[in-house]
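Read through the structures below before going on.
Consider the two complexes below, in which chain A is the common component and chain B and chain C are the respective partners.
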Partner chain A sequence: MSATAVAPRLHGIRHRRITVLAVLAAAVLAGVVLSITIGSRSVAPLDAWHALTAPGDTESDIIIRSLRVPRTALGVLSGLALGVAGALMQGHTRNPLADPGLLGVTQGAAFAMVASIMWLGASSLLAYIWFGLAGALVASVGVFALGMVGGRGGPTPVTLALAGTAVSAFLYALTSALVLLDEQAMDVFRFWQAGSIAARGPDVVWQVLPFIAAGLVLAMINAPGLNALSLGEDVARSLGQHIALTRTVGVAAVTLLSGAAVAACGALAFVGLIVPHLARALSGTDHRWLIPYSGLLGAALVLLADVVGRVVAPPGELEVGVVLALIGAPFFVALVRRRKPVRL
Partner chain B sequence: MRLQAAAVKLGYGDRTIVDGLDLGIEAGTVTTIIGPNGCGKSTLLRALGRLLKPQGGEVLLDGKRIDRIPTREVAKVLGVLPQAPTAPEGLTVADLVARGRHPHQTWYRQWSTDDESAVAEALTMTGLADLAERPLDELSGGQRQRAWISMALAQGTDLLLLDEPTTFLDLAHQVEVLELVRRLHHASGRTIVMVLHDLNLAARYADRLVAMRGGRVIAAGEPHEVLTEELLREVFELDAKVIPDPVAGTPLVVPIGTHRQSS
Partner chain C sequence: MTSIPLRLGGLSWRIRPRGVVVTTAGLALLALLMALSMRMGDIELTVAQVLAATFDPADPAHFVIMELRLPRALTGALVGAALALSGAIIQSIARNPLASPEILGVTNGASVLVVAGVVASGSAYGGTSGLLTSLGVPALALLGGLIGAVIVYGLAWRRGLDGYRLVLVGIGVAAVFTNVKFWLLTVGDVNDTGRAMVWISGSLHGRGWEHVQPVAVALAVLVPLALTGTRSLNALRFGDDTVTALGLRMNRARAAMILAAVLLAAVATASAGPIAFVALAAPQIALRLTRSAQPPLLSSAAVGAVLITAADLLARTLFAPVELPVGVVTAVLGAPYLIHLIWRARK
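After this line comes the complex of A and B, so read on.
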C-alpha cells in the first residue's frame, strides 16, 4: 500500500472523531433542554424559550430564570470540569482508578469550609464556596509540593498518589473532629458532602466560571504533552517535551477544575472516575480527543442525573450527588466486569 | 561530525558509569555500539540523545552544545527510541505513529497536512499501512517494534538513536528490523546509532562498530577492524574464532567454549 492510499484512511479516523464530538455536544444540549423544562413544575419547551428570550413576570418565567438556568449552568460547568479533571488525572498518574479527588481537593475544600464557619464566622453560601475553593487550591499545592520531595525533576505519579492520599486522610480526620464540635458546621458539611447543584443562584455560577474556564484552557494545552508522556518519560523527552512543565500544567488544570467544581457542588462522586472510561471507549487514547469527550460526557451525565433526581421522588428531590452514586456504582462495576480497566 | 561526546562523565546519582569518554558520530553512517552488559553503552546512547544530562563534559549536536538547544528543536533533527518502550493499552498503530509528529505541532495547530503525509509515509515505509487501525498490543513483537520505529520516522529526523531495537525478538524478526534500519539509511542517508547485543548482526548491519567496556571505548572502526579475536577476549572475555560471514563477508563470531565433539 502506498502513502497516498493511507492518507484517506487517516482522514476517515479524524472525521469519525469529529462526528462523535458533535453527537456528544448534542447530548449536552438535550440535557440542557431537559434540565430547564423538567422539574416539580414542568414547563413546555416553547414557554421555556419564551422565558429566556422575552421574560415576563409569570411564575414559570421566574422559576426558569432564577432557579433552573443557574442550576443548569452549574451542572454543565461542574460536569465539564470533573470529566476533564478525571481524564487529566488518570492520564498523568497512568492509573485507571485515579479521580480528581486524589489531589486532596475534596478534603481540602471540606476542611476549609468547616474551619471558616467555626473560626471565621462565615455564614453565606458564597463565602463557603470561596473558602472551599481556597482550601482545594491550598491542599492540592501542598500535595504537589509533598510529591516533589525526594523526586528529581518534578513529582512522579506514585509520589503524587501517595501524597494525595496522606493529605486527604489527614484533612478528613481534622474535618470529622471539627464538625463534632459545631452543629452549624455539621449541617453545612453534610449538605455539601452529598453533592448538589440546586439552590446555588447565578452568583455562584459567576464565581466559579473563571476558574473552570482557565482550567479547561490549561487542559487543552496539556493534551499533546500528556499524549507524549503516556509513552513513557524517555520517549516524551525525545519528542521534545518538558516533563516537569507538563506535569505542573496538568496539576494546575486539575486543581482549578476540580477545586471549583467541588467547592460549588460538593463531592460529586464518580463523575471524574467513570466519565473518562466512557470517553476512552469512544476516543481511544488520544488526549486531544479524550479530554473534550470527557468534558461533554461529564456535563451530560450531571445534567441527566440531576433531572432524574427531580422526578424520582416527588414531591421532594434527590440530590444529584446521591443519584450519581446510585447509578454510578453499579455502572462502574459493570464497566470493570465487562472489560478489565485498561493499563494507561 | 553530526553528534559528538566530548569528555563526558555519565552516571546516575553517585554512581559513575562512564568517565571522560570521547566519541564522534559522522554524518550518514550506521554506527553500532557493542559491549558486555553494564559497560555503559545504553547510558552513552541516552546521553547522546539528551535523555541523560552529563555530570561532566558535553554532548555536541552539529557542533553546538545539545543542552543549549531548545529540546523541541533537538527533537526535529534527532530521534531517540529507548529500550523496550511501553504504550498505553489500546493505542492504535496510527495513533502511536502520529505522536511522532509532536515536535512539529503547537498547542494551537495540532494537525496539518504535513503531519498526515509524514505519518502515511512512515507507515508505508515500515510496511504497517494495513495494520494502521490495529491496537499495538495485538501485534507481534516484530510488528510492534516496527511501529515504534515508524513513530521515530514520522518525527522526520535525519539522526536516529535506537537502543537495542531487537530485544525480545526472535532471529527472523531481528533481521526484519535491522533490514528496515538499513533501508532507512540507504533511502535517505539517515545517520543511525544503535546499541545491539548480537555481534554478528552488528557486524552485518553497521558501517562502524564501537566496542565498549567498563565505561570506556576500547575500539572503534569498521567491523573487520574491530571484531577481532583479541578484542573479543579483551572486551567480552570470550574465546572465539572470527571467520568471514559466508553470506556477507563481514566478520562472524564463533564462540569456542565447551562443545560436543563431532566424531
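After this line comes the complex of A and C, so read on.
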C-alpha cells in the first residue's frame, strides 16, 4: 500500500475517534442536565438554568444549588477519575482483572476511615474523607515501593498486581476485624461500602477537585509512554522509554484519582474495572484515546446510575454503586458475549 | 535434573523433586498444627492426655477432642485444601495470577444467598433467627454457589469457551453479586449485618463432623480428576491456538477442570464461608516455593490446608475467649508471607 493510500484511511480513523469523543461528551452533558433536574422534586430545565444563573431564594433554587449541583459535580469527578484510573491500571498491569483499587487504595481508605472512627473519634463526613484519602495514599505508596524492590529495574506488572492484592487482603481483614468489634464503625462502613455520591456538600467537591485534576493531567502525560510499554518492556526500552519513570507517573495518577474518588464516594472501584473494557471496544488499545473515552464513559454512567437510583425506589434512594452494578454489568456481559473482546 | 518421569500404562507425568519436598514439608507442618490444635483451647491438654482422651470414650476430654476440636480442625484443613486447589485450577485456566473462585461466581453467589437469608430472617423483618438452623446456611451457600457458577459459565459459553471471555464475564457477574450483597447489608438491622459479616469473612466456629464429610467426599472424588487433567492444564499455558494445534480436546478438558474447581469451591464455601484469600494466595505461594511455571495442584492444596489450620489455631486462642473469624486471620497471616516471597524473588 502506498503512502498516499494510507493517509486518507488514517484521516478517517481520526475523524471517527473525534466523533465518538464528541458523542461521549454530549452524553456526560445530558447526564448533568438529568442529574440537576430529576429527583424527589423535579425541576424544569429552564427553572434550573435560572437557579444557576440568577439565584433567588425559592425552595427549588436552594435545592439545586446546595444539593443537586455538588452531587452532580461529584458524580462527574468520581466517574472521570475512576474510569481513567481503571484504564491506566489495566494498561500498566496488562491484566483485565485490574481495578483502580488494586494498589490497596480502596482498602487503605476503608481501614483508615474505620480506624479513625474507633480510635480518633472521627464523626463527620469531612473527617472520614480526609482520613480515607490519607489511608489510600499511604497504602498505594507502600504497594508501589514493594513492587519497586520486588522486580528488576522497576516494578513489573505481576509483582505490582500481586503485592497490591496481598496488601488489600491484609487491610480488608483488619478492617473487618475492627467493624466486627464496633457497631458504630460497622454502620458507617456498610453504607460507605455500597458507594454513594449523595449528601456530600460543596466542601467535599472542592476538597477532592485538586487531587483529581492533578491525576487527570498526569494520566494524559502517561498515555504515550503506556502505549510503548504495552509493546513489552524490551521494545519500550529500545524505543527510548524510561520504564521506571513511566510506571511511577502512571501509579501516581492512579493513586490521586482513585484515592480521591474512593474517599469521597465509597467503594466504587469496580466502575474503573468495567468502564475501560467498554471504552476499549470503542477506542481499541491506543491509550491516548482509551483514557479520555474511559473518563467520559465513567462520568456518564455514574450520573445515569445516580439518577436512576433516585427515582427507582421512592421515597428512598438506591446507592449509586448498586444501581451501577445492576445496569452496567449486564450491559457489559452482553457486550462481551456479542463480540470478540479487544484484548489488552 | 529438575524432574523425573513417572509412567503408568499409557500415561506419564513429570515428578518434580521440589514439588515433592514442598508437599511433604507442608503435610508434616499440617500434622504438627493439627496436634497443637488438639492440645490448645479453653482446656489445655498434654499430648498424652489427648491420646488417652481420643481412644477412651469415658474420658472427660473425649467430647472436647472428638466432637469439638478434631472436626473443627479437619474442616479447616480440608476447606483450605479444597479452596487452594480450586484457585490453582482457575489461575491455570485463566492464565492469570489474580483469578480466584470469585470470577467463577461461586463465592459471591453463595454470599448473596446467605446474606439474603440472614437479613430476611433477622429481626428487622420480624422473622425468627431460628429459621436459619445450622443446616440452613450451608444449604443456601451451596445453592448460591452453584447458581452463580451456572450463570457465569452459561454467559461465558459461546461456541466454546474462551479463557479471556470467561474472566470478563466473571468480572461483570461478580460486580452484580457483590453490590447486591452490599445493598442487602445496608437494608438489614445492624446486628444481622454483623452476623452476616462474620459468615462473609469465613468462620470455623462450631463446625462439626457434618461439615467435614461433604468436603472430604468432594476432595476424594475431585483430586484424582484434577490430577488427570494436569496435562491439559500444562498445555493451556501456551494459549488456546497452540493447544488446538497440538490436537488436544480443549473444551472438554477445560470444562471438566472448571467443574472440579466450581464443586471444590462451592462445597468448601458451604462449610466455612468464603475464605477468599486462600484460593488466591495459596497457589501463588506454592508456585514460588516450588519454582514451577504455573500453580502446582498438590503443593497448593498442602499450603492452603496449612494456612487455614494455622489461622484457625490463632483465631480461637489469640484473644480467647473472644474468637476472630478465621478468614480475617488467614489474610493477616498469608498476605505478609506472600509479600515476603515476592520480596525475596528480587534479583
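Heads up, the rule we're going with is that the second predicted complex is superposed on the first by the 327 of 344 C-alpha atoms of A that agree within 3 Å, B and C clash if a C-alpha of one lies under 4 Å from a C-alpha of the other, contacts with A are read in each partner's own complex, and residues count from 1 in each chain.
We take it that contacts are C-beta pairs under 8 Å (C-beta built on N, C-alpha and C of every residue); 3 or more make two chains touch, one makes a residue touch a chain.
These numbers come from a predicted model, not from an experiment.
Novice: What is the contact status of A:His50 with respect to chain B (first) and chain C (second): first, second, both, or neither?
Specialist: neither
Novice: Should A:Ala325 be classified as contacting the first partner (chain B), the second (chain C), both, or neither?
Specialist: So A:Ala325 only meets chain C here.
Novice: Of the partners chain B and chain C, which touch A:Arg65 in the superposed model: first, second, both, neither?
Specialist: Neither partner.
Novice: Go through the superposed model and pick first if A:Ser230 touches only chain B, second if only chain C, both, or neither.
Specialist: A:Ser230 contacts chain B only, not chain C.
Novice: Quick check on the superposed pair: does A:Leu239 touch chain B, chain C, both, or neither? Answer first, second, both or neither.
Specialist: Only chain B is touched by A:Leu239; chain C is not.
Novice: If we overlay the two complexes on their shared chain A, which of chain B and chain C does A:Val333 touch? Say first, second, both or neither.
Specialist: second
Novice: Which partner, chain B or chain C, touches the larger number of chain A residues?
Specialist: In the superposed model, C touches more residues of chain A.
Novice: Give one of first, second, both or neither to describe whether A:Arg288 is in contact with chain B, with chain C, with both, or with none.
Specialist: Only chain B; A:Arg288 stays clear of chain C.
Novice: Where on chain A do the contacts with chain B and the contacts with chain C coincide?
Specialist: Chain A residues touching both partners: 343.
Novice: Using the touch rule from the top, collect the residues of chain B that touch chain A in their complex.
Specialist: Contact set of chain B toward chain A: 46, 49-51, 70-76, 78-82, 85-92, 94-96, 98-100, 102-103, 105, 107, 110-111, 116-117, 119-121, 123-124, 129-130, 132-133, 155.
Novice: Using the touch definition up top, name the residues of chain C that touch chain A in the complex.
Specialist: Chain C residues touching chain A: 96-99, 103, 155-156, 158, 164-165, 167-169, 171-173, 175-176, 178-180, 182-183, 185-186, 190, 193-194, 197-198, 200-201, 276-277, 280-281, 284, 324-325, 327-332, 334-336, 338-339, 342-343, 345-347.
Novice: For the complex, give me every residue of chain A touching chain C.
Specialist: Listed in rising order, the residues are 95-98, 146, 149-152, 158-159, 161-163, 165-167, 169-170, 172-174, 176-177, 179-180, 183, 186-187, 190-191, 193-195, 267, 270, 273-274, 277, 318-319, 321-322, 324-326, 328-330, 332-333, 336-337, 341, 343.
Novice: Using the touch rule from the top, collect the residues of chain A that touch chain B in their complex.
Specialist: 1-7, 9-11, 13-14, 94, 220-221, 223-224, 227-228, 230-232, 234-235, 237-242, 280, 284-286, 288, 342-344
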